[in-house]
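Alright, structures below, take your time with them.
The same chain A turns up in both complexes below, where it pairs with chain B and then with chain C.
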Partner chain A sequence: MSLLRRSTLLRNGLLALCGLGIMLAVTEGLSDYRNTQLANIAVTVCAVAGLTVLTGLSGQISLGNGAFMFVGAYTVGLLLMHNPGTNNGELVLVLAASALVAAVAGGLVGVAAARLRGPYLAGITLALALGLPALPEYSHFQGKLGGHAGLNFLAPNPPGGMNFFRWQAWVCLIGAVVTLFLLANLSRSRVGRAFRAVRDDEISASLAGLSVARVQILAFTVSAACAGLAGGLFAVINGNVLPSGFPISLSLSLLAAAVFGGLGTLSGAVYGSIIVTLLPQWSYDLAHAFSMPDRVQLNLPQAVYGAGLILGMLLFPLGIQGGVRRIWALGRNALRTKPAGN
Partner chain B sequence: MTFLNLVISGAANGVVYAAVALALVLIWRSTGILNFAQGGMLMFTTFIAWDLVHLHGANYWVGLVVALLAGLVLGAVVERVLIRPIEGGPPINPVIVTLGLLLLLEAVAGMIWGSGVSSFAPEFSLNDYHVGHQLILFSPDYLFIVLAVLGVMVALYVLFQHTPIGLRMRASAFNPEVARLLGVRVGRLLTLGWGLAAMVGALAGVLIAGTQPGYINPNAFDGLLILGFTAAVVGGLDSPLGALAGGLLVGVIQQLLDNYVSIDLDSFYTFVVLLVVLMLRPSGLFSRTAVRRV
Partner chain C sequence: MLLEVEHVTVRFGGLTALADVSVQVDEGEVVGVIGPNGAGKTTLFNVVCGFVRPGQGELRWRGAVLRRHRPHQLADLGIARTLQGLGLFPHMTVLENVLVGAGRHSRAWFGSGLFALPRSDRDDRALRERALATLDRLGVADAARSLPGQLPYGAQKRVALARALVAEPALVLLDEPASGLSASEMDELADIVRGLKQHTSVLLVEHHMDLVMAVCDRIVVLDFGRCIATGTPEQVRDDPKVLEAYLGEQVDATTQEVADD
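Entry: the complex of A and B
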């Protein structure tokens, strides 16, 4: 028990394995439709977890993580298109490549980002989110990147005749759990403490020997890698990538998920991702129940993201996880004070 | 001659970017907040004008004036209801709130007017002028755009520099505490400042909507917001004249790149220009070097 208390790696590793085991067992009983939803939630978790670490821990904001998803998705698209017959073992390498390429792109933007503050950083990452998906339409890239029609490719077949949708859910869940595991360790490590130090006071951090710029670039790179993996998984489960699949609203919905869950908390990233992924379906059901016109139903999720971002900031700045923690703390205090009262 | 023509038409577009930049600069100067919702606000007011003119047969000028008034009211309400409560908090909060407002406005516009594209007919001709046999890439509509934006800029200059209320507005932007002690109603002036800024944005929206058939759409103004932001950053984010210079520069650069490289990369250039400017001079090309407060 004491070993578990002391070793973050061991504790998080066990948690991740347990979580993964339960999830994988659950996919057995789910319908194809539910498994697809689960896969989409897992994809969103990867991207939101990276964003929540960047914004919540290192204090930088990025509205451009949709652009890094774009980079990851096109990496996977190109690799799978040019290597048909990729097997499942090689898929791991392909997905790692998507994270790596996005990390390089993130590092490049991070160099610029480290010099920028709040609104400047938000503005340039927003410009990135708008500008990068235009690249495939450039006439000289059209041959390679497929232009407007995007890329079509075949994802590897499930091993041993496993159900296709269940297999998709497995791939994405493993990706999400690995991401959460690595980020949880990172957050409890020297690097995570450096992130927080830089967030709280840059001058003190640099006096304590930290290179502020380097820490910020690292945080940006990590967050881009997570978004890249999310994009790669997205490509694998869809079998195609389109330039129009990465609008600004995608980047902003990632931010909404991070804020809903509570910035800086990984469990919050999970709640936020569940909400953001299931919201379109809920709004569809709601619209049907009240027979709303199509244009209302189609825009309802985005209206909820917008209103949620505003209300979240005005009323619940700590998000869902902040509420959970408060209840947890109240319960614990009640338990502790009882014996003393007796 | 082609080059000169590209510069002229780029500068004419740049005037609209300058108006958006001005809307951002006015708010940044007084509150230190970058209003990411500006793109959504001017989209919404443009839709109101379009609705009046094209669905209810109103005169173009009635539509324009209603859009400006709607901008004034929207800006004031946003400041009062959404921005006031989070003032003085972490700087990331207003960024998130204004982005939330952007999403909300786009969604509501989509609910009311649908997500398809619509055209806003301009009041003046879009046919280019000829000087002798030489075509000039400049039309009566663009002449109107340039005059309208410059007129608003002059009006704002007079308001800020030569009226008592302008003096109070400058005082409350410069030092809110001292201004409050001297009896200036700082809160009200901030509300007015947001209203005026949103009004300038509303003007930019109606003006640019007429320049291309099929321009209007709930998401069509995202690019205009980024271009306005780039123009404002190039101009140093706190100077109205810098906003004009930045807008012209961004408009000309965009037009030249569109023509000599490729128009497909149009939205990517904005990112590149912004990146280059921020790497070379993070505080903008035209601003005095500012010391960052920590």
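Entry: the complex of A and C
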């Protein structure tokens, strides 16, 4: 027990393995459709977890992490297109490359971001989310990046005749758990403290020996790497990448998930990802449960989605994780005061 | 000599905040900087910390000239500073606040943190012990798990001091450490500052004369950016120029009357 308390690696590692084991077992009982949903949630978790570390811990806002997903996705697209017959072992390297290339892009953006605050940072990252995914349509890159039609490639076949959709869920779940494991380690470490110190008070942080700009660039790089991996997984499960696959609404929904789940918490990133992935489907189902005119039925899902997010934020201002913590604290206090009351 | 500020001049547009100011701090010395409001005391600190670049003059640390140094490099040099406004990290516990200050004692950074290597845990445990010991020394170890905002002001000041001292600096700059403290807390502060002298030199800016007179080995008096007197507390207390700076209007009035006669 004391070893568990002393070793972050052992504690987080065991937690990650247990979580992964349960999730992989769960995929066994799910339909193809549900497994695809699970894969999508896992992809979103990667990106949102990175964003929640950036915005929640280091205090920098990014409306543009969809752009880093784009970078990761096209990295995977190019690698798989030019290397047909990539096997599952090599896929790990391809996905690592997607995180790495996005991290480099994130580092470059981070250099600019470290000089900007608040609305200016929001503005430049928003511009990034709008501009970068349009790159393949730019005439110079149309040949290499496939222009409007994007890139088509073959993802590796599942090993040993495994169900294709289950395999997709496995790949994405492994990616998400690895991301969460590494980010959990990082947040607990001296680096995580540095992120939060810079967020809380830049002058005090610099007097404590932290180079504020360097810490902020690091946070941006980490968050971009996570988004890059998310993009890479997204490419693998889709078998193609398109410029239109990374609209501005993607970046915004990542931020919505991070805030809705509880900014700065990894469990919040998981809750938030589940909500933003499933809520559109739920609201679609809800809208179609009643027979309504087409015009209403087509627009109702968006309205329900928006209303759901607003309602959620009103009920849980600190996100779902904030609500969970409050209920937990209330329960604990109730248990504590009981003996005194008797 | 630990720190030498030599003939430093700082101008903000037309305002001369510091004019040809020199201050030295030797090892084991407590040096006070006093002066009326707007005399340039905090500007002097900001020059030492690298927040403000002097127009003329230079800084030397342990004999070596400091050129274009940046605030975040101070910790590694062995210089710590507390701020007038405390500047505690509001969303981090007291212990975490102090852990950030202790950072220079840890070599573990990104790689070991990301993969939770044993080294990261080991370094963190060492930092934790160090931080708790410092909090204990300043009498606020009980508050380790609280957020700074939950503590009374006096305790928050101790946390800010602990965050500076945990780095084990050779020199600590204290910016108005006594402001907002009660009389008894101020006595305790005086004991703490005197206790530092074995390991750490102190440069402090302060308005409370009792504290300054009680703890300082040497005092530098600034007025309108100029250094008008230096010396032991006794010498400074009796210096007519210092009296003039603090009670200037009265002296002006009498000279006016003399002139009228």
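Heads up, the rule we're going with is that the second predicted complex is superposed on the first by the 310 of 342 C-alpha atoms of A that agree within 3 Å, B and C clash if a C-alpha of one lies under 4 Å from a C-alpha of the other, contacts with A are read in each partner's own complex, and residues count from 1 in each chain.
Note that contacts are C-beta pairs under 8 Å (C-beta built on N, C-alpha and C of every residue); 3 or more make two chains touch, one makes a residue touch a chain.
For clarity, every value in this text was computed on a predicted model and none was experimentally measured.
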Once chain A of both complexes is superposed, is A:L218 in touch with chain B (first), chain C (second), both, or neither?
second
On chain A, which partner's contacts cover more residues, chain B's or chain C's?
B
Touched partner set for A:T8, first chain B, second chain C, both or neither
second
Tell me which partner A:L207 touches in the superposition: chain B (first), chain C (second), both or neither.
second
Is A:L314 touching the first partner chain B, the second partner chain C, both, or neither of them?
first
Quick one: is A:L286 in contact with chain B, with chain C, with both, or with neither? Answer first, second, both or neither.
neither
Per the contact definition in the header, classify A:L17: touching chain B only (first), chain C only (second), both, or neither.
neither
Once the shared chain is lined up, is A:A122 touching chain B (first), chain C (second), both, or neither of them?
first
Go through the superposed model and pick first if A:A197 touches only chain B, second if only chain C, both, or neither.
second
I'd like to know which partner A:S189 touches here: chain B for first, chain C for second, both or neither.
second
For chain A, which residues lie in the overlap of the chain B contacts and the chain C contacts?
201, 203
Can you list the chain C residues touching chain A in their complex?
49, 70-76, 80-81, 83, 87-92, 96, 99-101, 103-104, 106, 108-110, 112-118, 120-121, 123-125, 127, 163-164, 167
Could you pull out which chain A residues touch chain B in their complex?
55, 59, 61, 63, 112, 115-120, 122-124, 126-128, 130-132, 134-135, 137-140, 201-203, 247-249, 252, 255-256, 259, 295-296, 298-303, 305-310, 312-314, 317
Would you tell me which residues of chain B are touching chain A in their complex?
28, 33-34, 36, 82, 85-86, 91-93, 95-97, 99-108, 110-111, 114-115, 219, 222-223, 226, 229-230, 233, 262, 264-272, 274-275, 278-279, 282, 292, 294
So, in the complex, the side of chain A touching chain C is made of residues 6-9, 12-13, 182, 185-186, 188-194, 196-197, 199-201, 203-212, 218
